[in-house]
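Just below is one structure, and these are the notes that go with it.
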Amino acid sequence: MNWLSGQDWQAVALSLKVAGWATALSLPPGIFVAYALARWRFAGRSIVNGLVHLPLILPPVVTGYLLLIGFAPNGPIGGALAKIGLTLAFTWKGAALAAGVMAFPLMVRAIRLAIEAVDPKLEEAAATLGASRAWVFATVTLPLIAPGVLAGAITAYAKAMGEFGATITFVSNIPGQTQTLPLAIYSQLQVPGGEADAARLVVISVTLALGALLVSEWLARRIAARIAGRG
Amino acid sequence: QAGEVTVFAAASMKTALDEVAKSWEEKTGDSAHISYAGSGALARQIAAGAPADIYISANPGWMETVARTGRVQAQEDLLANRLVLIAHDPQASQVTIGPDLDLEALLKGGKLAMSLVNSVPAGQYGKAALAHYGLWDAIAPDVAQADNVRATLAMVALGAAPYGITYATDAVAEPRVHVVATFPDDSHPPIRYPAARLTDTEAAQSFYEALTSPAAAKIFEAQGFHTLK
Amino acid sequence: MLEISLRHRLSGFTLDLALSAPSGVTALFGPSGAGKTTVVNAVAGLLRPEQGRIAVGGEVLLDTGANICLPPHKRRIGYVFQDARLFPHLSVRANLLYGRRFAPVSRDGAEFDRVVAMLGLEALLERRPAALSGGEKSRVALGRALLCAPRMLLMDEPLAALDAARKEEILPYFERLRDEVQLPILYVSHAPAEVARLATSVALIEAGHLRGFGPAREVLSDPGLAPSLGMREAGAVISGQVAGQEADGLARIETAGGPVLLPYPTGQPGQALRLRIHAGDVTLARGRPEGLSALNILPARITQIRPAEAPSVYVQLALGPERLLARLTTRSVAALGLTEGMECHAIIKAMSVASEDVLGR
Amino acid sequence: MLEISLRHRLSGFTLDLALSAPSGVTALFGPSGAGKTTVVNAVAGLLRPEQGRIAVGGEVLLDTGANICLPPHKRRIGYVFQDARLFPHLSVRANLLYGRRFAPVSRDGAEFDRVVAMLGLEALLERRPAALSGGEKSRVALGRALLCAPRMLLMDEPLAALDAARKEEILPYFERLRDEVQLPILYVSHAPAEVARLATSVALIEAGHLRGFGPAREVLSDPGLAPSLGMREAGAVISGQVAGQEADGLARIETAGGPVLLPYPTGQPGQALRLRIHAGDVTLARGRPEGLSALNILPARITQIRPAEAPSVYVQLALGPERLLARLTTRSVAALGLTEGMECHAIIKAMSVASEDVLGR
Amino acid sequence: MNWLSGQDWQAVALSLKVAGWATALSLPPGIFVAYALARWRFAGRSIVNGLVHLPLILPPVVTGYLLLIGFAPNGPIGGALAKIGLTLAFTWKGAALAAGVMAFPLMVRAIRLAIEAVDPKLEEAAATLGASRAWVFATVTLPLIAPGVLAGAITAYAKAMGEFGATITFVSNIPGQTQTLPLAIYSQLQVPGGEADAARLVVISVTLALGALLVSEWLARRIAARIAGRG
């Protein structure tokens, strides 16, 4: 295709990688935190809940700034990670972290709602059949919340595809390394007359996210149909 | 083996700097990665240890922040710019900037688009200029502040605001806006784009020099910048 | 051995009972809202009572005093819930096999096939619960509990949604579990026939308290508890031994009162069994009546005449050491001049003893 | 008048039946998975069958041919679901009153109190469904349907979770609905006693098809259908008229076969009623037996002897124009030398006719 | 309090107003769209679904830019609205619109998950008792999804409190009129050494959003307890 430059393609590929990893890596902790918030009563529950929601409440720039402070090569966490050879700041991994953090509250909300809708009586039934807590979760709760997990993951993915403020603040806007689609779009908008180029990127970004959305809807529908006995 | 250079540059320089970088790449065979963002964000990143070789700021203030990190190897003011009053209406007549300028009459109830007057350089300069003529206090409530010059420009280009204050460089490239006045240079602090070299690699030195080459100067001036050499 | 002692308060309801049942089937019987499900939940570990102690076969599952409370999945108790609680995302087959993985001994496929066949689930194995009828759901729930190789079964009205024919197929299987596998069973039911047939002990619960508890034969032939059991259903249980199958298909049972004939096979000669005789089905005559179609005419002695709901009375009869209960109108008692201590004949139609009233052991 | 004709395919199950029932209670009877709930759902409008026509009292609710399909809320049909389906967010009181708002005539509070008292819900009114026992839930579901002022009732095993005493309180209310309010009722049940007591017509469904359909007395006394009804439960229904209450509390009923005495009040003199006599409870004698506690000895003529499950037979008897069914062993038939056309006596214990077998009308 | 300037207080008040209106006004359409997506099968369902998610996927600046094009006084919609005296561009109403649009997908997701968890059998039961579709919705579905609606509303509110990119692009930053907290924070962060001032505003913003969050959690818990028969 000649209407996209090499740098644009780089941005597309990078966005997919960043959003994919952001979603994949935040899914397990997302499920865990959602489960804890939905089912456990523990001291500090409100604090965890608040922390999870923080990226939603804060202007993205602030989140990015906080990430920068924490994960910069000379920051407290960044320094420790650097010792094990993991550099987040100004790399695509950092972009994935920023996207993941920003998407996390959305994911947790969706999964938590799904968990709260699961009838604890089914989990009790599984326990009487001999299944331990972990096993009940894996074989009963998790399959039942699959549509919610899917919804959460896809919302997170869409959010990660569109994340701008925290990313540019944390990992900057380096083509080929941290310049995801939204950052590329921003860059284009800085060029007089760049709107057309920006629009092309917007179309691509929207297509990728909506494509994932439609696939996930279809999947969720199939799962629901199976549960409803229609499949 | 080809060298690489990472440049952190104020977003408003993208058009010109892309061209300069391209010709530099063609000449040397090295490659330049340019990260465009707000001057402040970039300065903070550099302070946090970002792997930048060159920093070009739209604001001398942020250059000071970077200088304090001790990473600056070389620094100079690269470019200068001018402030203009732009209008959306192609028929808008030219005006003279001065204490008698009746901005409110010009706006006819619309907004005057500017950049953030306390934080974005273009806004700071604009506010200073209006204050210089004693116009600021009256017009302040009618000022719509965008978060960067491009957004200011877009407001006028789209007609959301009838008038706006931007750099001359921005007005040049946007056919939907019309310059109705240029602010006298003495009405605001000088508009400077300082550049700094942060590392000593060959590529960094080469790129830093290329910024002040005659070829680069031609490109910058074509975009409406004033070069300072 | 099943020991239960519980104290638990719910808003507007207090459960407070203690019972210690021998092995076999312990039936929980009582009106709606009496607390049966609450007891069963406590045994399963789904409810933690304020105070209580529960032990099965010597193993303590719960002791609030000693702060012992085994979690449900460590109790290895198969529970057939009053609502089926099938896993909606799993096929019938996967529902049935859910507990297998946790079974300490791996059950063979034959057991699975046996249970599936008994419950008539062959054609449903690949369906999901949402595509099952009410009775089908309860059959799957039953199968699921049976197949998890439990060391005890809790059944909360497992047959309520099933038709008579299906019940007839399932009850013998329960009897086998009780007798061959020696599985302790706690059985909640509103159907006195089921209780009479299965139960070793019966606990009658009312408003959270024990109204009556004891061996099934005593509780079921106790005229004082008859109203709680449902009027038509009072009746005594007598023991006997299969003597053999006669040529015309009738089975001959030797009892303390003499031979009793039943119109269906009852087991191998020598096998001990119990017959439940409904009080309403017993006719009395002073002399031995002739020319009746009724085959079983047993000499008996009247031990007690106790007024029941007017105008009827319960007449308790001694057949040797066994007790039989008859329900008569006061008019008949007067007409025949029946008094306590009098010798008479109890007439029992072979056909009135339904096969569900023949209780193994 | 209730006309139903349906054709609907589900994976592995086809429903195909047509019936036209007179007013009164139409019982749907049949094994688990036969299609009873499916029929009821179609009448309620919750299932749109592939083909079909449903009309109640002349009004067409569904006609796939004419593309008529009234939505459920326009059908004004009270439905007691097999699973209670209470609204979990509403108190018991609000659940009960849910339908009142849509009732065309505003019901008075007395009706509410009556239903609440009958169902024993007084103490539960402020609770939420999650805090109810299984039987309590089904009682609330029942009350909710009764209180919505429906023009027809659908009841899918409404009493399955209830104990005998509670059933005994509710059944007369159903009879009143049927007789006084003249409410058509479609009644699904596995309990032949309930069916016999309530039903005007009985539809026996097996595997989605109609196995038998007709007036209750015919279906229930049809020896061919007896196995499907559950062996113990075959029996005939005879009509009678209350003659009066005797001094000792016995009620005297005039029937075609002579007076029958029952041990409880049955109604005002002159009132017509029906008695269900279980085949297993009828004893035959050739001569008139004396000295028996059984009060009812009716002369009869043998009209038919039909083999049943060996070693038993059904003997159909004529009491004037009425039919009675007796189940005897082949040995008794041989011993007494019973043959078709022979005159004999049918012996029926007053106590064996349970009050649930006395059917209003 | 003397550590907050008058302009800061203005920003706080404005943020509350903007987020409040954004949430309140998007709630009814949010419930409607969520219901339609969850329960109806109609042509264009995917398109509606995609449109709803667009603000999540697009960089906020793009959303703001599109709003600006559409609702500017001389824009197609803005012009029509101006005739009935409603000006959105450069007013707090426009800020509310921007915040509402950005928060809409989050709200719809949460409510939709809740609706999908409602057992249709309960709705059927209500229908047999004579309740029309609308009435069933009002008396059965809505109360049952109340926790989900609350979750959706509070997520939307939190998002609205933090919305920056679309707001500044659409209504720009006019102190006292459109300068919400995130905009004030952003301006502070653009000034060298402005971090301390920004931090103060961040604390306020977080407090306001977390306060609302805690209240909503508590409410949702009460509702759930009532439904579970514990209250």
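Observations
Letters A, B, C, D and E name the chains as they come in the text, with residue numbers starting at 1 for each one.
Here, contacts are C-beta pairs under 8 Å (C-beta built on N, C-alpha and C of every residue); 3 or more make two chains touch, one makes a residue touch a chain.
All values derive from a computational prediction rather than experimental measurement.
Chains that count as touching both chain A and chain D, per the definition above, are C, E. The minimum number of touch steps linking chain A to chain B comes to 1. Counted as hops between touching chains, the shortest connection from chain B to chain C is 2.
Centroid analysis (C-alpha atoms only) places B farthest from chain C.
The most distant chain from chain A is D, comparing centres defined as mean Cα coordinates.
Once the centre of each chain is set as its mean CA position, chain D and chain E turn out to be 57 Å apart. The distance from the centre of chain A to the centre of chain E, each centre being the mean of the chain's C-alpha atoms, comes to 20 Å.
With centres taken as mean Cα positions, chain E sits 60 Å from chain C. Within chain E, the positions touching two or more other chains are listed as 61, 65, 186, 189. Contact of a single residue of chain D with at least two other chains is seen at positions 83, 127, 131-132. Counting only residues that touch two or more partner chains, chain B has 154. The chain pairs satisfying the stated touch condition come to A-B, A-C, A-E, B-E, C-D, D-E. Across the interface of their complex, chain C is touched by residues 10-12, 30-34, 36-38, 82-83, 120, 123, 127, 131-136, 139, 156-157, 160-166, 168, 190, 192, 227-233, 248-250, 261, 263-264, 279-281, 283-287, 289-295, 309-312, 326-336, 338, 347, 349-352, 354-356 of chain D. Interface of chain E with chain D (complex): residues 121-122, 124-133, 135-136, 139-140, 143-144, 223, 226-231.
Those residues of chain B lying in contact with chain A across their complex are 6, 8, 11-12, 14-15, 18, 33-37, 41-42, 44-45, 48-51, 148, 150, 153-154, 170, 172-175.
Taken in their complex, chain A has these residues touching chain B: 61, 65, 68-69, 72-75, 89-90, 168-169, 172-179, 186-187, 189-193. Note for the complex: chain A touches chain E at residues 46, 49-50, 53-54, 56-62, 65, 105-106, 109-110, 112-114, 116-117, 147-148, 151, 155, 158-159, 161-162, 164-165, 182, 185-186, 189, 198, 202, 205-206, 209-210, 213-214, 217, 224.
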